[in-house]
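One chain, chain A, links the two complexes that follow: it is found with chain B in the first and with chain C in the second.
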Partner chain A sequence: MYRKLTEKRIKSLKSITGDNNVLTETADIEKYSTDESPDLKYMPETVLTPENHRQVLEIARYAVSEKFALTPRGGGTSLTGSPLPVSGGAVISFEKMNNILDIDTSSRMAVLQPGVITGDLDRQAAKYGLFYPVNPASLDSCTLGGNAATAAGGANTVRYGTTRNYLSGIKAVDGNAAEWQAGGKIVKNSTDQQLLQLVAGSEGTLSIFTSLVFRLTERPEKNAWIIAPFRDTAKVPVAAAKIFSLSLNPTMVELMDRLTLDCCRKYTGEKIEFDEYSHLLIRLDSGGHLSSSAFQDILFTAGQACLQAGAEDVLIAESAAEQEKIWKIRSSIHDAIKETCGSIFEEDVTVPVGQVSQLLTEARNISESTGYETAVYGHLGDGNIHVNFTGRNAPAKKIKEMKKSIFEAALKLGGKLSGEHGIGLTKKDYFCRYVDPSYVNLLRKVKKQFDPENILNPGKIF
Partner chain B sequence: MNIVVCIKQVPDTTEVKINPETNTLIREGVESIINPFDTYAIEEGIRIKEKLNGEVTALSMGPPQAEESLRQAVALGADKGVLLTDRNFAGSDTWATAYTLARGIKKLKDVDLVICGKQAIDGDTAQVGPGIAEFMGIPCITYVRKIEEIDENKMRVHRMMEGGYHIIDVPLPALITVVKEINEPRMPSLRGKMNARKAEIEKWTAADIACEVNNIGQMGSPTWVDKIFAPPRREKGVIFKGEPAESAGKLIEALKEKKIV
Partner chain C sequence: MYRKLTEKRIKSLKSITGDNNVLTETADIEKYSTDESPDLKYMPETVLTPENHRQVLEIARYAVSEKFALTPRGGGTSLTGSPLPVSGGAVISFEKMNNILDIDTSSRMAVLQPGVITGDLDRQAAKYGLFYPVNPASLDSCTLGGNAATAAGGANTVRYGTTRNYLSGIKAVDGNAAEWQAGGKIVKNSTDQQLLQLVAGSEGTLSIFTSLVFRLTERPEKNAWIIAPFRDTAKVPVAAAKIFSLSLNPTMVELMDRLTLDCCRKYTGEKIEFDEYSHLLIRLDSGGHLSSSAFQDILFTAGQACLQAGAEDVLIAESAAEQEKIWKIRSSIHDAIKETCGSIFEEDVTVPVGQVSQLLTEARNISESTGYETAVYGHLGDGNIHVNFTGRNAPAKKIKEMKKSIFEAALKLGGKLSGEHGIGLTKKDYFCRYVDPSYVNLLRKVKKQFDPENILNPGKIF
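And now, the complex of A and B:
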């Protein structure tokens, strides 16, 4: 098995990174023992905070020669236990590798270290009129390294895609302690793109990223939200389908059901109009080529489609203050549910877009048969729906049962276990049970190539 | 119930820049919004209308682009917007602004209630509301944080005070200025936005509202801005530490040194 990090080994690590980049005191390392998934805790033996690629490489070499586990960690916002050191060893935290190295405006590319907070990239890009559109709701606490390792999505996926679509270059160290790189400031790449896509979403199990290149895009000039409250949650995906049929190219098409809104209202203290209904939220944007009134025409078209689909009313938020309020509410959901109703678990299953209504019905059925209320929200445009079972102190057996039911419901509809959060620790058993065994076998072989000693983030995915 | 809400278009920034030569606000390049306090005034006007029926008119004095603010008021639920706009209004101080708005309200006829914001975030004087009431000869209650009751003839309001509030009964017509505690403004609806697009924003000149030329614009403004500057930072104070007798002694010494005592 893995070797312990004795005092002697800690000393060697200190000689690689310097004393102040090796944390061993319980008080210092405690916060690296959890992530945002409920009830998981694994203490690392040490936490390393390297400052550059060289140090990461040396750490990997030493880990391979001494055989101890390395678990990369970004912001620790994972909802699956993926950055937790289940086999002890060292957590590598990228908090000191958090610099944006270059924003190349002519190629529209950003080169950065993996510890950069996702929201900071977009704020920096904005200064040059550019846009980094991938926006997980954890935007201001997750890192781009973590996003690359989970292939993070977010509410903008319907229009802009996920992290996968922007990750253009990578420098990494694998489990053989070999450094490798692929891609670059390249938009189109039929040369060395494949491995890059293979390690994107590998949750730290195949390689540790030390430098990343992300594509940036044009920053829209105008933005607005449309809020359409519906008495019947089932009508929300129907209205969303109507919006898609109009080819308005929305950036977000989101569902927030009644209970979700209720939690957000209590948690944020913000007044939410029509909070007794379920909401369809649509965000539209446009470049400078559209006049204000032409953009408003698009808003009106979308709004009227909602009314025709049975919305009780339609609100339009164009001012910065109104839009900020909506995003504040939208991005608080996870914490809001946890703090106000209690979240037994949240799963981000994904189904074909046309099956979302079915999934909502299934979730309601499970809720009715188990007696635990569900708060459902998520991305109607891409079929990735977040189902929260709310309450506190549910018995373990019951939790298992509910999880199994919601996963099987999604699978039956042609869906998958996770649309963006990944597998990590919490869905490992289900992954092995529900994913094609030949696929899992191939994946094991891939893992063997990248990490024959199983040094990198052991115990995850399968 | 005829309600007039006075709204001012202001730059969307708390750091207003000032032209050092003319001592006036530089408005170019800054996005304009409805003075945030006035959004509470609009909301309160609409709520009263929803209860008692009647009409809400949004009124603004300003350059032609202030029309956009009035459309936004219509989007929120105001029935119409009127813009007082005329080259001769330029340079108005609070006195001239209040006079001009009062003339505009007079032309609107049979107004029961005028609602203003507590203050504008750029000018910040909080004088315009009371000024209008004075010109109109009607009661004025500032800092209103709640309208407890209202009918065609009277209302009972709560006026915010430091550490408490006054309950005041007042006959109508009257003018109130409102604080943000009074309500939470709604978001504009699709219907409202569509109305706003179609709305005819009336534009009245000085002649339309029969203003005395000597009372408007720069001419009618008794306030002359001589110079605007950031006040010098206050120097750091001195603290005399030690036993009371000792520190009091030091204080007296220091005061003597400065020839204050």
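And now, the complex of A and C:
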């Protein structure tokens, strides 16, 4: 179906990008054959590391004329197999297109190449008192191109929204090998916003980004984390609801259940107080010119709400060192569960915020009926919960059953398969089964327009 | 090209919706032949007022089989001719599908029919301490269906974003007469968000909405308006930039220039101090549990910044009565300019925030070279500026020239044709001329998939 990358074709690719941007040795390309999803491995025939838009465009032209697959790849931190070349062909890695081209402080916009590491943008923005608030847990290894392609979320979305809310402009190449662009350094856009929003979250199936514009926002002057341990996990969403009723505009409202904490403690070696309890983790940011005592009042109010909802204690972390420790634990969760408990799979179902308690119950029921423990954590503030079933050597049939059960539980509660990881390869079958067939049909037809030869990340989503 | 709505077809439509939901008398349908754009009038052959999803679906089926045009219409407040039936056929008015079906307080979501008036949603939400923050100036006459179809903005978008950021679920009928749905009562969605975001802002050209889900947010406890008059309009954006540098997270940052104020004063009869000056209007909202004195400190800081930037005075409005007066003036602007100065046209170009000063200069230059005064107002905080050229009986050729000049000025500054009004009919030619041809080409192809017979709001956007 797809043509192989023969020596002749490799030579042609080299003439486009230069010899040193075409990798073919197994030792060089092996690391592009996996992402963070368990048990998937697809070797690319070659890995291309283009250096500019023009090279990407020419690669696409050549791929269309010769018919081989192109799979764009950011930091490779996907949990769904999305950047894996299931039909062979070339992986396009943006590791050499990793420059921030412009931070326009007067318009509060950043123009950059897709390979920029997400955390680097915020570090640059901070120099000008600006803030890029979207923070996937893989902040320091994922890329903004990958974030745009998955419309990535993270823990700060409660207050700040997802990548979708910051992506303001794109330059891209579609599967017809046509270059196109939309948006710009503009906040509000009723001119060419539709297709920009369509390709955000399309996981590289509709277009390859070559340049991106992101809106920056104001940097909070003060922030603090509140940590509240609860004996009963079921009380954590109740406390979260209480926080929301106070209109404190929290940045994060996160759950880490007992098993999650236990994995983190073992993995990071950090001492965690109340490590046998489930934790509610709240981050509050304050804008400018709020006095310290006014901010303390707000923290006190939030802390009181946690105690009233049944917290065993309340810890407030304001110093950079304390906060770093907390983020170290929080952002280690995925690896911690994988390494110490064994991750059978991690899903990121999303349900209405008011249904989170019910979802936790359903997860526990599945755990009890199958005998595999669950480590549950994630974004209470937006109903996007990461459910990990843990253990070792679970039989494939059992895994399938458990996945089906957790998806169906979420759907029954008015939820969806994925809140932020996307569909990729691992949820493709479920997407086709559980998403409205008319929606899937429309998406297929749209795909055909952007990529009639199906060369862009084939085999993903549907 | 389109079939006429003969008596036989009208009879069939009556069998779908009931006799009283099919209007054909001139006296009944005339008001659907215009919107708020100047000088446009297109009579529909009939106006349908369906009462539920099923009726809309059957209307679409019948329209596809008989090939006549369907033009969905919300409150008719568009400034672009978007809801006008340029190819005749039926206007679908959602005036009888105007129920809020559910306000889910635990998930902070509202489920509603597309004909609900935008202001009504916020009034309902307020009963539960919740907030729907998107506030187009036509708040009390526009509908949420229309807002979704145009991805409407408004003055609060600086802090809260546009309709696009709140639209969480849709049920719709496309031009194949297929019903489809996406999203739900969920905040974060990486499952079926792409097409939802695609049809938001599609102005009824891709699908007709029959049910919508909107996210609600926390209601600010305190708010205040700051009004600062400036002798020199050019200093207003400078003051706005100063406000942003303070990280106060303002809700609105608006400009009303001298002529705008003058029109408002005459039109509303309200006394306006410093009415010969341009005004900066800022709204600040505060979250929960901020003491009055802490909020006063913030207001004082913002006021000082205005004075330092050259304001003649600073007025702070905290009482409901004062705020109502300000909103009355602010939301009257469009009508005020039209009635008292004569509106040649109003455009809503959008530029990078840092380029607003330059845009104001360009508008003044066009005004001086053509001899028609400009009234300029709008959203300094997001670079979306409403430029009105005023006067009476401007010749068509002159109008065309002036429009072209202001669009080209915005484009030269890295901006776009429209920040929130959309393209509709009035900017269609400019869309095709100034938007990336590859973008237009892709959008055409997408349209063809959603609406192969071109029955949905034909003749709009491109």
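Keep in mind that, in the parts below, the second predicted complex is superposed on the first by the 462 of 462 C-alpha atoms of A that agree within 3 Å, B and C clash if a C-alpha of one lies under 4 Å from a C-alpha of the other, contacts with A are read in each partner's own complex, and residues count from 1 in each chain.
Keep in mind that, in the parts below, a contact is a pair of C-beta atoms (placed from the backbone, for glycine too) under 8 Å apart; a residue touches a chain by one contact, two chains touch by 3 or more.
Note that the coordinates shown come from a computational prediction; the quantities given were computed from them, not determined experimentally.
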| item | value |
| --- | --- |
| Chain B versus chain C as contact partner of A:18, first or second or both or neither | neither |
| Which of chain B and chain C A:449 touches, first, second, both or neither | second |
| Partner chain(s) touched by A:303 [first = chain B, second = chain C, both, neither] | first |
| Chain touching more of chain A, residue-wise (chain B, chain C) | C |
| Contacts of A:189 with chain B and chain C, given as first, second, both or neither | second |
| Contacts of A:313 with chain B and chain C, given as first, second, both or neither | first |
| Contact residues common to both interfaces of chain A (with chain B and with chain C) | none |
| Touching residues (chain side chain B, partner chain A) in the complex | 12, 33, 184, 186-191, 193-194, 197 |
| For the chain C and chain A complex, residues of the former touching the latter | 104-109, 129, 150-151, 153, 157, 161-162, 164-165, 174, 178-195, 197-198, 200-202, 218-221, 241, 244-249, 287-291, 294, 297-298, 301, 348, 350-355, 379, 382-384, 414-423, 431, 435-436, 438-439, 441-443, 445-446, 448-450 |
| For the chain A and chain B complex, residues of the former touching the latter | 226-227, 271, 273, 293, 296, 299-300, 303-304, 307, 313-320, 322 |
